[in-house]
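The structures considered in this document are given below.
Next, two complexes with chain A in common: one pairs it with chain B, the other with chain C.
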Partner chain A sequence: MSTAMVRIRVLLARPWIWSFLGALAVWLAAELFTGGQGAGELLTATLSFAVFMVIVGIGQMFVISTGPGNVDLSIPATIALTGAVAMKTMGGADAMILPGMLAALAAGAFVGACNYGLIRLLRIPPIIATMSANFLVMSTAIAYGRGLKVKPPPLFADFTTAQVAGIPVLAICTAIFAAVMGVVLHRTVYGRSVHAIGQNRRAARLAGVAVDRTRFLVYVLSATFAGLCGALLAGFSGGSSLSAGETYLLASIAVVVIGGTSVAGGRGNVPGIWGAALFMYLLEAMLNTYGAGAGLRLILTGLIIILVITIAGGDRPQR
Partner chain B sequence: MLRGLGNPRFLRAVLPAISLAVILGAIFAVNPRTMSPIGLNLLLQLAVPVALATIAQMFILAVNDLDLSIGGYVGLVACIGATFLNTDPLLGVVLLGACIAAYAVMGALIHWRNLPSIVVTLGMLFVWQGIAILVLPTPGGAAPGWITAIMGFKPPLVPFPIVAAVVIAVVVHFALMRSSYGVILRGAGGNPRAVARAGWSLLKTKLAMYALAGLFGVLSGLSLIGLTTSAQANIAMPYTLLSIAGAILGGSEFVGGRVSPVGAVIGALTLTLATRALTFFHVPPDWQIGAQGGILIVVLALRALINRREVA
Partner chain C sequence: MTGKKTLVAAVAVTLALGAGTALADTAAKKIALSNNYAGNSWRQAMLKSWDKVTKKAVADGIVAEASAFTTAENQATEQAAQIQNMILQGYDAIVLNAASPTALNGAVKQACDAGIVVVSFDGVVTEPCAWRIAVDFKKMGAIQLDYLAKRMPKGGNVLEIRGLAGVFVDDEIHAGIEAGVKKNAQFKIVGSVHGDWAQEVAQKAVAGILPSLPQVDAVVTQGGDGYGAAQAFKAAGRPIPLIIMGNRQDELTWWKEQKDANGYETMSVSIAPGVGTLAFWVAQQILDGVDVPKDMIVPFLQIDQGNLEANLATTEAGGVANVEYSLDDAKKAIASTK
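After this line comes the complex of A and B, so read on.
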């Protein structure tokens, strides 16, 4: 066998390659239809929107990696709340951008801490705990953001929409951010602990892994990233909105799983999240260029998600 | 007898019923006029479709899966019910049968490729929603007369929603908890390997459970349009989370095999009542969604407390 063949085999064995291949296929299909016109614009738009999915997706991946049943459903409300917190703190002034960002991140971290409090102290299953928290945070966001119409500071709005040679600055920052989180996941004690807990929590505890601290940080991390996404999204779309986070409930889970992270836990994957986020947005764009109506678009999106996961295959039972 | 009352297992079993009684009592105290058959009927009406959807979710939980698509599915059934079932009953029945078959196929696919149910049902949520929009692009349609007649039925003495809830709970309880094949179905979730070694087909159990969930989803959608008389594509979207919460509130667990049909029905009633109660207690609209979350947390915290006593 030639070395090229071996390389391709090794590449195909990577769980994240499928999401990129999917994204590429969908992109080619869209370009085929338009004859290559506006290819650059489509990529720019894709990158701009994929960024937000990647940020929340990475947080969700850390949560999902800690084992079955672990998932963060409080992301939508957290995005709504932190968007409002960021905009209110910044108050449209360039000088307040940093405090505003920090306030949004702190609000997110607080939500995450509450989530784990419910899970650990009250022993509520994570799905129900984060779902209940989502309701509570949403109410807080509604009460807090009542009549809130603050525009983002000009500098912040410029930053979130800036482009260098057609590539959004935010996408470059997020790529670096994702790389750092990849190192955290695969090369640090903390990341290894997350995986160990996901593979077998009891064994991890017996091996001396600080299970509680690791799980606590995972939920805090996820909500903090939702806070980051909320603030940036508010800047990007010219203000915060209560419905800003709605689509991220399901999208955050979809990008994690399509990206090759095991839902059974213990196997996270950062590059796959990028591929999956690009794939999800390009799919929507492709169906739009083909002129598919809302109903058909939903059906095809759903079927393609199922097709991808079916081809990529599930996990073999571990025990 | 007294020792029996303090028994954690017993406490855990009656906790859903106690929370239901507390909420009902509070509503009666605030507004005594609700304590009549008509009042109860109005209070509990919407609990019937929620209870049926919760039972559907419970079947999926029993085989260790989670169904995120039930809200979209119930919406699709409502749309078919308010259009085809009314104008062309035969086609309507065939379509609803196809929906149930699609649910069974979904279960088979999950089993065959060993796929995460969360992702497959997530994809199917989009599919159901898309088909529903194609069936009924704008809100409207009309429920068949016989469905509105059934849902509007007023039995003497006891309000219809209570009769319906009891019937649903008893039928499913005996089918799933007391029949011999019910034991196999639950066992397939609790200990799949043991059930497979005993010579039962896991594929068949998965097919059966998903088909049952599809059937109860159909019943849920039809009973819903019996109350609303018309439909729209996303009429039942909150049902996904409501059904999971109701089933868990009623004592089901995420580990598979551990479910309780009676508990699920009571959980659904409690959740529906809790949302109604909030308007009675003049909770500001801003905080109504939050209060629902709060109620869930309180009840589950109580259950955790009981469980801890069991361990101790």
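After this line comes the complex of A and C, so read on.
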């Protein structure tokens, strides 16, 4: 076997490669229809919107990696609330950008802490706890913002929409952010602890892993990232709104799973989230380009996601 | 003391209703609002209008109670259960913005059988025993094309932003737009996306389809999506086409900015969230013994280049351009339907 073949084999064994291949295939399919017109612009648009999915996806990935049943369903409301918190704190003034960001992150972290409080202290399963938290946070967002759309400060709006040679600045920042989180997941004691808990919580505890602290932190992390997403999204789309986070509930889980993270926990994957976020956006854009009706589009979206996961899920059974 | 108050109120109501009508005996009546969703600016404005108008009606002694209830999940089953609760709680009338035109019919029928007046609006129900205050959504789609035909006699490429897939309002407006394109054949729909009546969703969907489209001359919308579309065109570095707006404050503000900067001209059309208050008065009138036709059509609220500033001034930040109905407005609306 030549070394090139070996390289390809090694590459194909990576769980994340399939989401990128899927994204590439969908992009080519879209360009086939338009004859290559606007290929670059489509990539720019894709990168602009994938950023937000990646940010919440990484948080969700940490949660899902801690084992079966762990999921954060409070992301949509957290995005709505933190977007409003960020915009209201900034109040349209450039000088208040930093305090606004910090306030959004703090609000997110607080939601995360409450989530884990419900899970640990009241012993509610995460799926129920975070779902109820979603309602509570949404009500808070409604009461706090009253559906108010406060414009972002000009500097913040410019930053969130800025591009360098067709590449959104936010995408570059998020790529660096993802790389850092990849290192955290795979190279630090904390990341290893997350995986250890996901593989077997009891064994991890017996091995001396601080299970409670680690789990507490993943929920805080996830909600804080949702806060980051909420603030940036509000800047990007010209103001916060109650419905800003609605599409990120299932999308955040989908990008994690399509990206090659094990739903059973214990095996997280950061690069795959990028591939999956690009894939998800391109898929919708491609189907829209082809003029598929809403019904057909949903069916095809479902089928194509199943296809990608089936192909990507070709890894050996673990035991 | 209380007796005196009631008497004063009853007299006041009788006077308010005028000598010709039947004696107002709705002072002891309880009306409930069953609402399926609260998560956007339109619904927030609707609930606010309801609160404002009904609070005054209760204070004036016209009705005893007018509480608003919103379901958490925007699901028909949940709303059916909510209606059943209202039946048990003994409300005299239920004003309903329904999650589904058909799925609530069972619960609505139960309410009717229990002698409860059911008035549906915006999201209306097909159950014959209920009243319907509907908007001519088809016309709302068709007039957009008529407006475009006036502005661009030569026609052009149109991008359509639809609402939430599977909801009948979306199908109706879409049908109206299709009819409009048929009538004004110089226009061609070059692309269609679902914006779910939300700025973020619309922005995302439009940004995705734009690269594949030829020059877009106009964008037809369903409301709540115009500002997002404008953002997407701006981000793509494309010239901003004529975008029909949907009466949201952010859309009107953006329009005003463009108008001042470069004379941008468009129109805006949507339903006033205050239609809920019309439904309230209709329910009150039915309880009062007034004969009201089962089907009423309410006009939509259209904003033009000329009255943009006036409408923007009365629309609160983050809200929707609104018209609240008084009892007299409701009476006029009922009379014009008869």
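Note that the second predicted complex is superposed on the first by the 312 of 319 C-alpha atoms of A that agree within 3 Å, B and C clash if a C-alpha of one lies under 4 Å from a C-alpha of the other, contacts with A are read in each partner's own complex, and residues count from 1 in each chain.
In this section, a contact is a pair of C-beta atoms (placed from the backbone, for glycine too) under 8 Å apart; a residue touches a chain by one contact, two chains touch by 3 or more.
Bear in mind that the values here come from a model prediction, so they are computed numbers and not experimental data.
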Chain A as common anchor, with chain B and chain C clashing or fitting: clash
Contacts of A:37 with chain B and chain C, given as first, second, both or neither: second
Chain B versus chain C as contact partner of A:288, first or second or both or neither: second
Partner chain in contact with A:219 - chain B first, chain C second, else both or neither: neither
Partner chain in contact with A:16 - chain B first, chain C second, else both or neither: neither
A:279 touches, of chain B and chain C: first, second, both or neither? neither
Touching partner for A:110 - first (chain B), second (chain C), both, neither: neither
Chain B versus chain C as contact partner of A:135, first or second or both or neither: both
Partner chain(s) touched by A:149 [first = chain B, second = chain C, both, neither]: second
Which superposed partner A:239 touches (first chain B, second chain C, both, neither): second
Clash with chain C, by chain B stretch, listed 189-197, 207-215, 225-233 or 261-269: 225-233
Those residues of chain A which chain B touches in one complex and chain C touches in the other: 135, 138, 142, 146, 294-295, 298
Residues on chain A engaged by chain B in the complex (per definition of touch): 68-69, 71, 118, 122-125, 127-129, 131-140, 142-143, 146, 250, 253-254, 257-258, 263-264, 293-306, 309-310, 313-317
Contact set on chain A toward chain C in their complex: 30, 33-34, 37-42, 44-46, 48-49, 135, 138, 142, 145-150, 161, 233, 237-239, 241-244, 246-247, 281-282, 284-285, 288-289, 291, 294-295, 298
Chain A contact footprint on chain B (complex, rising order): 66, 68, 109, 113-116, 118-120, 122-134, 137, 241, 244-245, 248, 253-254, 286-294, 296-297, 300-301, 304, 307-308
Chain C residues touching chain A - in the complex, by the definition given at the top: 38-41, 44-45, 72, 162, 165-166, 191-194, 196, 198-201, 203-205, 207-213, 227-228, 231-232, 235-236, 249-250, 317-319
